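Both of the next two complexes hold chain A, though its partner changes from chain B to chain C.
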Partner chain A sequence: MSSVLIVFLVLHIIFGTGGIVLMTAYLLLISKKNIEIKWLKVSSILAFLAFLASWIFGGFYYTSYYGKAVKPVILKGHFARVHEILMETKEHVFLFIPFLSLVIVAVTLAASGDLISDSKVKKALASLAFVVVGIALFILILGIFVSGAVGKT
Partner chain B sequence: MGVGGATFAEIFYTKFQSDKKVDLFEHEVLKICVGVIRIGLVILVFSGLGFLVLARLAYLGPDVFYSSRFLAKMTVVVVLLFVALLMNFRFINLELGSSISTASWYAAMILGIWRNLNVSYLVIMLAYFIFGFIVFLLLTFARKHFVLKK
Partner chain C sequence: MNKLAKNSERIITGVTAGSIVAVFSIILMTVFAEVNPAFKKWLAVNFTHHWIGKSVLSIAVFLVTTIIFTMFNKLFKNKLVLLLWVLIIIASIGVMLLLAFFYWHSFP
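Up next, the complex of A and B:
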């Protein structure tokens, strides 16, 4: 694997995990009694950008290396199911994350005035952020399992 | 950081609860402990992933990633994350949650240090469950003891 691909794989992990941390921060901020709108906007935008960056770096790594060099190794080994089930699930389920994050950003920016007074909007956004954190953690765990299937053959 | 933060959060909480109320200063002290625990959790996740990247690049594969010790440590970290969230939203009793959290921090530390641990995942999880229960009993005893003493 070239140095560029290693950097891309590491950036994919860092941005993905960073997105989870930032979305968790958003979830904690929105559940506070005294909401700080500025930090809600900052955390939601940064979380969205982090997930987007993770998608781009991961996508590049997947199309230029994983499919050609890693996937055949996994399919030949004892853990072929890891690619067939876990990676396939990861590839499709992750798509929810950037778009749901974008929804959170849009609603936070558009309804920032209502967030302090309207508890329904607040609860809906908190629930959505919790779903994003849950899906992203699930994807992270799947990524760890997929990495584990790549051994010396 | 996490183990230290969780330990001191328990010590301070037990001490502050002796008069059955937490004043503003005590609340601020506990907030600092929670902040330290959160930073510890973020460092734990990122440093853990760093080690995994190194293992992935060295093609260590299933020997590392599917080992019972690693799977147990990952389970403990996920429990830590979810208990922290559940406690934040008051979905779980604060005393039960903090006991699980403290036990999980120590379990994660022990699993990290005990490199030649060679038992199945189920045995480790059973030990973790028993350990969590003992920690809960000890902390409940400590809280009651301090309240009665005052």
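Up next, the complex of A and C:
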């Protein structure tokens, strides 16, 4: 694997994990009684950008290297189903995240004080952020399984 | 709710409804590409890789539906909370559905 691809893979992981941390920060901020709208906006935008960057760097690594060099190794080994089930799920579920986090950014940015203080909107936004964190953590765990399957072949 | 919030709500309901359709399209394209190899091949031929094809098409679906739902938003007036919950449910079910589908699909 070229050094460029190694950097892209590392950036995919760093930005993905960063997105989880930032979205968790958003979830904690929106759960507070006194919401600081400025930090909500900052954390939602940064989380969205981090997930977007992770999508681009991971996508480049996946389409240019994983399919040709890593996937055949896993499929020949004892843990072929790690690719067939976990990696296939991971690569497609990942596509949800930019759209979900973009909705969080759009609602947070467009929301003036009265929209954010609307408890129903606040609860729905917090739940959406919780789902994004949950899906992203699930993807992270699947990624660990895939890396493990390569190491065990 | 003030005037700014009302105008903003028109856009954010459009973005939320567009995201619902985009997530739904990802689920449909993913399953359809696996059960119909011709579609998967079409994606790979036209977009260099089936995954890039699904990414590009889902963005296109999002943009088109967001514009349509923002322009014609009477259906979604004051429905932001409902749309957010629909998005949460579709995304959550989508994750479980795709995991179950690929488990089923992994059997010869």
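Definition applied: the second predicted complex is superposed on the first by the 148 of 153 C-alpha atoms of A that agree within 3 Å, B and C clash if a C-alpha of one lies under 4 Å from a C-alpha of the other, contacts with A are read in each partner's own complex, and residues count from 1 in each chain.
In the analysis below, a residue touches a chain if its C-beta (ideal position, glycine included) is under 8 Å from a C-beta of that chain, and two chains touch if they have at least 3 such contacts.
The structure presented is a predicted model; accordingly, all values stated were derived computationally and were not measured.
On the shared subunit chain A, the superposed partners chain B and chain C are arranged side by side without overlap.
In the superposed pair of complexes, A:Phe138 makes contact with chain C only, with no contact to chain B.
Counting residues of chain A touched by each partner, chain B versus chain C, the larger count belongs to C. Of the two partner chains placed around the shared chain by superposition, chain B is the only one that A:Ile6 touches, whereas chain C remains out of contact.
Of the two partner chains placed by superposition, only chain C is touched by A:Gly59; chain B is not. Of the two partner chains placed by superposition, only chain C is touched by A:Leu102; chain B is not. Applying the stated contact rule after C-alpha superposition, one finds that A:Val93 touches chain C and leaves chain B untouched. Looking at the shared chain after the overlay, A:Val121 reaches chain C, while chain B stays out of its contact range. After overlaying the two complexes on the shared chain, residue contacts for A:Glu84 are found with chain C alone; chain B is out of touch. With chain A fitted onto itself, chain B and chain C come no nearer than 17 Å, counting C-alpha atoms only. Considering their complex, residues 55, 59, 62-63, 67, 81, 84-86, 88-89, 91-93, 95-96, 99-100, 102-103, 106-107, 110-112, 114-115, 120-121, 124-125, 127-128, 131, 135, 138 of chain A touch chain C. Interface residues of chain B, counted against chain A in their complex, comprise 42, 45-46, 49, 52-53, 55-57, 59-66, 74, 78, 81, 85, 88-89. Chain A contributes residues 1, 6, 9-10, 13-14, 17, 21, 24, 27-28, 31, 78-79, 130, 133, 137, 141, 144-145, 147-152 to its touches with chain B in the complex.
Listed in rising order, the residues of chain C touching chain A in the complex are 1-2, 4-5, 8-9, 11-12, 15-16, 19, 22-23, 26, 30, 48-49, 51-52, 54-55, 58, 62, 80-81, 84-85, 87-88, 91-92, 94-95, 98-99, 102-103, 105-106.
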